[in-house]
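Both complexes shown next keep subunit A, but they swap its partner, so subunit B is in the first and subunit C is in the second.
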Partner chain A sequence: MTKKGLKEPLTAITICGVGMGSSLILRMTAEKAFEELGVKAKVVATDVGSARSMQPDIIIGQAMHTEEFEGVAPVIVSITNFTDHQALKEKLAEPLRQQGWME
Partner chain B sequence: MEVLKNILLFLANNIFNEVGILIGLITLVGLLLQRKPIEELIAGALRATIGIYILTIGTNIFVGGLVSFQTIVSNAFGLTPPEATNTLGDFLGSHGGTIALVITVAFFLHIIAVGIFKTDYVYLTGHLMFWISVLVTAALVEQFGSLGQWALVLPGSIIVACYWTIQPLYLAPLMRKIIGSNDWGMGHTGSTSYFIGGKLGKLVGSKEKHDTEKLSLPKQLGFFKDVNVSTALVIGIIMLISMAFADQGVLAEQAAGYNADIHPWVWGIVSALRFAAGIAILLFGVRMFLAEIVPAFKGISDKVLPGTRPALDVPTVFPYAPTAVMLGFLSAIVVFLITMIIFASIGWFVLVPSMIMLFFIPAGAAVFGNATGGWRGAVLAGGLAGLFLAIGQAITWPMLSSTAPELATLADPDWYILAWLISLLNIPFAGMNPSAGIWIVTGLIVVIFAILLVILKRTVSRVEEEPAGEAPFSREETSPPTEGDLG
Partner chain C sequence: MANVVTATLVDLEPQGWRGAIRAVCAPLLEAEAIQAAYIDRCIEMVDEHGPYMVVAPGIALAHARPEDGVLKLCLSVATLSDPVLFHHPQNDPVDLIFAFGSPDDQQHINLLTALAEGLSGGLADDLRRSSTQKAAEQVMKEVLKDVIS
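Right after this comes the complex of A and B.
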């Protein structure tokens, strides 16, 4: 378990209504955030329907969607700005440490 | 000479006319430019190619469901279904290569235009880059169908590139009002409805007095945000109601075409579900090739034009007014369904309520309407967007009936505007040699966009000269709604 995020990549998904536009931009923002945090993660962009079957470690999206995913993944992060990787880093750091996925 | 000609002919038929392979190669180049390792090159190119074929398969299922829907609903109103001599699926097969080239060439022209005219915004909403290229190609083929692939690519690319360059720019002042910064622009083909929403909103209310985010809507409405669910539900309900009024003989015949033993009413439900499934497959395919191509586009623009801002998909503004999103959608669906009954009753057109555009466009328009006119602005903006989508579909279907009429049912407002522009501008030159006509129409469109650019550059520079303190919001002030407010 403790190796996850450090050696083994985490699975993170970014979500939006249809899984094509804003979730893809969010994927690139998230990839940058994980890289700067030094966390290994494979990020996939998808829609709210498919996301339920994917059993990810982390779900990132706007609150309108993430609030319907409570309990689906250990870490769920709600964002407002899809391009701000600094803000996302700050939101990710605490829960990632709690899960033991980040030093 | 003969050998060279044969090679070129082979390339034309097997590479440039085979959209999956062409997209795969374009993706390969994009990944190479990003210096990705070899295993990612191969996997990425293959994923993009497979995505295109999935898209084509989904399109065929969607078109099948659409035809069933139009047949039954038309029959219930005593009308003939809208005419079509070609389908979107066939059009993607015959002109897919042209579309792939238009999207690629247009992106580079767009990058050049942003660099030269310093317009600041790089368009990165991948699926709409694809669809607007499909739409412009279809509208050009309708007018200048006798022209070959290469004669269509450059005019199509120029029109698309002009559009991508201007669209985020003209929404920039309203975007600043919504997100409180210049971090990103709006790159979405619903821009006409967003602009109308933002401009008319302030006439009916004010953000301070009537902010949508002070309201709360029932949580049960949330399932409409899953477009697969809402598509199946709304199409299914309309289908069932129409079946009660339709000729039972026609119904039985349609059902028998699917499965000889199925009960016609169950067939009706199956058709609605297949319509939704077709759209879900189509979107899955688009998602697969975009996931490879958009990062390449972003990588290129970051490198060539550092400091520019991305123009992004409409849901990026939804966190700033999530209640407006639902309010706009509800307003639009009511207006659209009423319009559907009116249009069918007067025998004009049987509208198809495609839930994707009926969700995203009015939702976005309502966020813009709320920014200037609160909930009153949101309801007005959403309703007007629904009306625009209804009228647009009825007018545009016959304009595209010999290429890809289904585009009219999937379209956003700007698709309609561009299709109308291309058709209308060609009216005076209809008798002309098409290879001259296409350039006259393209030239006129460039002139229109150039005039817009001059006007916009003036207003934008005026806004930017204002001292920062007088801006309607500074970044810190527009703290996003906390989670408790969302709903």
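Right after this comes the complex of A and C.
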């Protein structure tokens, strides 16, 4: 059984076009969401181009960016409001449970 | 705490999303925090990568890269009395636009952290309710009080 998410931190990336504005705001929101879900995760903000060479457990971004990553990471979540951690929590909970990364 | 060039504008009526980006960036250019080319790059970012910088319903965050012409760390915001369309599938129309510039890939982090905190705590509506520039400035000052010297 994997201990990822419970003891060992998951790797998550938040993506946007440049990798320093929108994705940074989304990183804060994601960190808050993971914390409230009780899931350990290291969140990195990056641009779409750099994301292509990464192998994270979780990718979070707008649908216009996440679509191309389908199948690349075990969990891919598309959100439209980068400031709403409640909405992100709701979207993350089910796939995290399915992966055994959340109790 | 950092020195940050800030600007707050209210009730603008820009011509489309390109006009909105130009308008919110204008005071930063005026203050010599960015070069004119930076504004063009902010617009090109949307052309190249799509309207991803519309980060929440009605809210856009325009920016480009440090090497695109940033001279000083800066942040501006404008409320739009005439909202614009960025052609975002869910978050249009935009009536609140921020622009920032960072001289490197680190200096803006505290600033944007404070902005993110503010946005998750009702900053957008507080700004939308601000009928004068002074009121909006006060709202921004409060949100950024721990990061701007």
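Heads up, the rule we're going with is that the second predicted complex is superposed on the first by the 102 of 103 C-alpha atoms of A that agree within 3 Å, B and C clash if a C-alpha of one lies under 4 Å from a C-alpha of the other, contacts with A are read in each partner's own complex, and residues count from 1 in each chain.
One rule holds for everything that comes next: a residue touches a chain if its C-beta (ideal position, glycine included) is under 8 Å from a C-beta of that chain, and two chains touch if they have at least 3 such contacts.
This one's a predicted model, so the numbers in the text were calculated from it and none came from an experiment.
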item	value
When subunit B and subunit C are modelled together on subunit A, clash or fit	clash
Subunit B or subunit C, by number of subunit A residues touched	B
Touching partner for A:Glu68 - first (subunit B), second (subunit C), both, neither	first
Contacts of A:Thr14 with subunit B and subunit C, given as first, second, both or neither	neither
Partner chain(s) touched by A:Asp84 [first = subunit B, second = subunit C, both, neither]	both
Touched partner set for A:Thr46, first subunit B, second subunit C, both or neither	first
Selected from 81-89, 333-341, 405-413 or 423-431: the stretch of subunit B that, after superposition, runs into subunit C	405-413
Subunit B and subunit C contact sites that coincide on subunit A, given as residue numbers	16-18, 20-22, 24-25, 28, 48, 62-65, 80-84
Residues of subunit A that touch subunit C when the two form their complex	16-18, 20-22, 24-26, 28-29, 32, 48, 61-65, 80-85
List of subunit B residues in touch with subunit A within their complex	124-128, 179, 183-184, 222, 225-229, 280, 283-284, 286-287, 290-291, 294-295, 298, 310, 312-316, 318-320, 322, 325, 356, 359-360, 480-481, 483, 486
In the complex, subunit A residues that touch subunit B	16-22, 24-25, 27-28, 44-50, 62-65, 67-68, 78-84
Subunit C - residues contacting subunit A, complex	45, 48-53, 55-57, 59, 61, 63-65, 89-91, 100, 102, 105, 108-109, 112-113, 115-117, 119-120
